[in-house]
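As written, the chains take the letters A, B, C and D, and residue 1 is the first residue of each chain.
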Amino acid sequence: MKYTSREMMTIVAARQIRNGDIVFCGTGISMLAAMAAKNINAPESVIFFETGAIDAQLDEIPMAVADSRVMFGASLNGGLLDAFATMQNRITGKKVIGILGAAQIDRFGNINSTVIGDYFNPDVRFSGSGGACDVASFVPRSIIFMQHEKRKFVNKLDYLTSPGHLDGADGRKNAGLAPGGPEVIITDMAVMRFHDTTKQMYLHGYYPGVKKEKILENMEFEVDVSMAEEVRPPSLEELKILREKCDPQRLILGKI
Amino acid sequence: MKTRQNKIMGLEEAVNKYVRNGSHISIGGFTINRNPMAAVYEIIRQRIKNLHLYAHSNGQGVDELIGAGCVKKIEIAYGGNGKFAATCICFRKAVQKGVIEIEDYSNYQMTLRFLAGSMGIPFLPVRSSLGTDIVKKWGFSRESRLKDPKLPDEKLITMNNPFGDWLNTAKVVLVPAINTDVTIIHVQKADKQGTGRIQGLSFADTEQAKSAKHLILTCEELIDTEEIRTSPDQNQIPFINVDAVVHVPHGAYPTACYKYYDYDPVYLNDYAGWAGNENLYKKYLEKYIYNIKTHEDLINLIGEKRLKAIKANSSTGYATDLIRS
Amino acid sequence: MKTRQNKIMGLEEAVNKYVRNGSHISIGGFTINRNPMAAVYEIIRQRIKNLHLYAHSNGQGVDELIGAGCVKKIEIAYGGNGKFAATCICFRKAVQKGVIEIEDYSNYQMTLRFLAGSMGIPFLPVRSSLGTDIVKKWGFSRESRLKDPKLPDEKLITMNNPFGDWLNTAKVVLVPAINTDVTIIHVQKADKQGTGRIQGLSFADTEQAKSAKHLILTCEELIDTEEIRTSPDQNQIPFINVDAVVHVPHGAYPTACYKYYDYDPVYLNDYAGWAGNENLYKKYLEKYIYNIKTHEDLINLIGEKRLKAIKANSSTGYATDLIRS
Amino acid sequence: MKYTSREMMTIVAARQIRNGDIVFCGTGISMLAAMAAKNINAPESVIFFETGAIDAQLDEIPMAVADSRVMFGASLNGGLLDAFATMQNRITGKKVIGILGAAQIDRFGNINSTVIGDYFNPDVRFSGSGGACDVASFVPRSIIFMQHEKRKFVNKLDYLTSPGHLDGADGRKNAGLAPGGPEVIITDMAVMRFHDTTKQMYLHGYYPGVKKEKILENMEFEVDVSMAEEVRPPSLEELKILREKCDPQRLILGKI
């Protein structure tokens, strides 16, 4: 069965979510991954937005995390304070998995969603942190969605918005951050993870039909590709649930 | 006197009375929901300039204030508008052109800064942003801070945990309190004394409201004091914080107001298109803001049909099956 | 797993599972209102000892735990019970006799300590208690603190404002976070998953709930998940914090539960009398706690007549014209 | 018309409350004073409890600040965090007047509500601070109710629970407290205030029939009595409102 790159990315992300996880997500593909996980492999995971809604029903796809669609049928409607405290909290925070995106990422999973160019005289200004820096600071595991492009996988970020493993190994500890950091990068070509000790990014999997060389060509920095295996494509059932249950209007999945 | 029984005012009067050139302000809501848009348009209409704006992710309202040239400085976490603008267009252009000064924070940090202001303490600690450029890069220089009594002398301070390793925490970032000159929020219900009720998510509105020297409440519905007090558990805004109560139906339009109406995708998409083009944007300002007298006139201009399309379903609180792409 | 769908448990099981000898605990409510009394009596019945209790003004429940000898150490702001006891009687006697160790804080400080725990930060700043013995006199010595990993090394820390005179504040007191092993609160409504709704004042219950490693929710009414989710704005306890949901009608008795029943002045006055006399108090413990199997049995012992007298008026939420002197 | 000492104290306190004040009160006489003020001289004052109720209706007298009677008909039911933040807040806090009581008071208006005797081996243990220390720390004005007894007006407190003017003149400023502190002490014999500069207590008024000497006899420390005048007793109207409107069952006023 044919599937799109976006569908592949969504399903790969959904598989990272474990039953019992509290999934911090934004709108778009990250929310869709959380919805897919809940419907496929992690029925008792919880969808959770920085705006303060816990376990929203999502009868319709929200266009923003503040969309009224996240308020209806939630377990609880709070506010930003509640949401971020849940992630910084020692008990609930341990169960949170964050899903983020960015304009740039470096080899240690640090990300930039603020500017391209000089901070005081930027070539391109993006939205800025939003809650991403907080999530990346607090939670033990996060998934980062990226387009696999050379200008996005960079040697040096123009601005470090949200901490990954900072300068590697003990980077987070030295900075005073909670343990954790990014666990997996999901792109339109591949899945990257981080070495346990060095915290350097490595190629963990490539999508069917994508060559390792092509992946490397689309990054400014080198990564270890020796452990990479082909990523299992979405199963029929995964696709069926994603398409029919999660985004039947293809508001986020886009055209086939 | 913030305890007085009747604080009802017209919007023009309330904005004129409390929002001045150079005021430090914040607005409620989040991206495309419950922004106090009627008040935002009134500020633009009154040609108020040089505002110092504090924002977490207030979205549409912030972008319109910037687009219309009302803002000089902004402290902000997120200048986006959900699916309608990954980065708000006027915001992006203004920062790239250097026409506004900007300082970056995270959403939690901005919220904690309002909370600190509402609690009357100079700072709050957080474990967010250690090791990032949010700590390292200041949008406003130390020199400019020292000159301005309305700004703290430091952006953020990294401090060792004075309680040793209590809670396994070696370091915290301290975020300084915000107390605005005026904050404007739009709530679903209020009484004339200023008790306010937000339905659905409150975002950071409560903290923003309580950190303001002056607070303008615009409301969808004005209800009797006796009625609003039958469910005191559901009220979040204490009247002792409020200076003005303004009754503005559709006061959050074109953003959403849970239980009343949805965001208007037509307006937000049109806006995104116009904001990208100087000529079209000028025309937009003329037609939808400057040549309009009151928010009611804007609502009339939008017309029955579009309002009907965004009317909230009484059960879900939003417009089910609204065409949104 | 705190996200599981069904957390319903019996009270005996829940207390047995989560409350241990030496546990650090807190209970919800304030003086004579919404104390989780059924759980308090179950703790006493299970003869759990050496508890380390954190309290702001939790009143009746705290005094009963102390009277029954369950408590070894207490950190507290107020050991009184409104008009029923200017100072709680068992509390007063235990402190005077030195049978419990005590450390004093203010109500706001205790609340902020729970808030810090719930926020996952090691401390919060406050402008309260500067220059007082609350700062100067530590109930627990530094030596005992250093030995105990469950206690911060310092009681309170006075610090200069690192932001200079921002907010005209020269100094702040830092209060250390509390994270209890288990917290028990009584709410009006909950579903089996643990979403909880408090009606009326929430006191510090929400902060206490979120600062606990384990949270037991006793509830007056168990309602369907679908029903509790029709008004998510009115829920304060997220199910992701909850470990056990226990359905205990009259679970706050003899303290009040707004909208359900009032405090029982007969019980509270009798208790005050008995607590002052060792013999009478022993008899009280036997008759009302040890010889009782479940809270339902206590409620039956109290009898229809008294329960009818304290039944809440559906409009006011308390028993109007109750004889209370 | 005859009146009791308790009625006198309540009315004297009520007169201190200005229209527009937010009155922090406990149960008992402090609440009654707030209710009297609202009904007599300060119709737009607000009754406010540390438990989080704002402007409660008080159809019946609460027996504790957590009594359900403070919840019904309030403008807003919050919690302790909200209540204390309102007092520490720079805008609302300025309008709050606190009403407190204590076991001991010293010449600078510092109070003890914790222990008599040694802190670690007390002769008598009291309730402790509750919210009193917070209120006394935050708000610009407070009223303190005391019984006029020698063991209560002491040279040295056994425990300083709630700050008054600390060691006088710049005591609060040096300690880092917000400006303000106790404004007036209302006893069953007299009204005491504090000198503007030294912050020492002085006798401001004595009740009809009470001799200055008797007041001094009932205090461990001397106070300036040179400015004292007789305190105006409750008027007929004040008494009528207090008795008929505020506490018709005399739950707090007690027997005539």
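One rule holds for everything that comes next: a contact is a pair of C-beta atoms (placed from the backbone, for glycine too) under 8 Å apart; a residue touches a chain by one contact, two chains touch by 3 or more.
Since the model is a prediction, treat every value here as computed from it, not as a measurement.
Asker: State which chains count as neighbours of chain A and simultaneously of chain B.
Answerer: Per touch definition, common to chain A and chain B: C.
Asker: Looking at C-D and B-D, which one has the bigger number of contacting C-beta pairs?
Answerer: Pair with more contacting C-beta pairs, C-D versus B-D: C-D.
Asker: Mind checking the centre-to-centre distance between chain B and chain C? Centres are C-alpha means, answer in whole Å.
Answerer: Between these chains, centre-to-centre, one finds 37 Å.
Asker: Distance-wise, how many Å sit between the C-alpha centres of chain A and chain D, to the nearest whole number?
Answerer: A distance of 56 Å separates the two centres.
Asker: When the C-alpha atoms of chain C and chain D are each averaged to a single point, how far apart are the two points in Å?
Answerer: Those two chain centres are 27 Å apart.
Asker: Report the inter-chain centroid distance for chain B and chain D in whole angstrom, where each centroid is the mean of the CA atoms.
Answerer: A distance of 40 Å separates the two centres.
Asker: Which chain A residues reach two or more other chains?
Answerer: Within chain A, residues 53, 71, 73, 77-78, 88, 90, 138 contact more than one other chain.
Asker: Can you list the chain C residues in contact with two or more other chains?
Answerer: Counting only residues that touch two or more other chains, chain C contributes 120-121, 126-127, 167, 169, 172, 179, 200, 233.
Asker: Classify the inter-chain contact topology: is it line, ring, star, complete, or other?
Answerer: Graph shape, chains as nodes and touching pairs as edges: none of the named types, so other.
Asker: Hey, which chains are touching each other here?
Answerer: Pairs flagged as touching, ordered by label: A-B, A-C, B-C, B-D, C-D.
Asker: Would you mind writing out the residues of chain C in touch with chain B in their complex?
Answerer: For chain C paired with chain B, touching residues are 120-127, 152-154, 157, 159, 161-164, 166-167, 169, 172, 174, 176-177, 179, 198-200, 233-234.
Asker: In their complex, what parts of chain B are in touch with chain A?
Answerer: Chain B reaches chain A through residues 29-34, 56-57, 59, 76-84, 86-88, 91-92, 95-96, 98, 104-109, 111-112, 115, 126-134, 137, 158, 167, 169-172, 200-207, 256, 258, 262-263, 265, 312, 315-318, 320-321, 324-325.
Asker: So in the complex, which bits of chain C are touching chain A?
Answerer: 1-5, 117-121, 179, 193, 195, 210, 212-213, 228-230, 232-233, 235-241
Asker: Using the touch rule from the top, collect the residues of chain A that touch chain C in their complex.
Answerer: Residues 19-22, 44-46, 53-55, 57, 71, 73-78, 82, 85-86, 88-93, 95, 138.
Asker: For chain A, which residues are in contact with chain B within the complex?
Answerer: 27-28, 50-53, 59-60, 62-73, 77-81, 84, 88, 90, 110, 114, 119, 121-134, 137-138, 159-163, 166, 171-173, 175-178, 251
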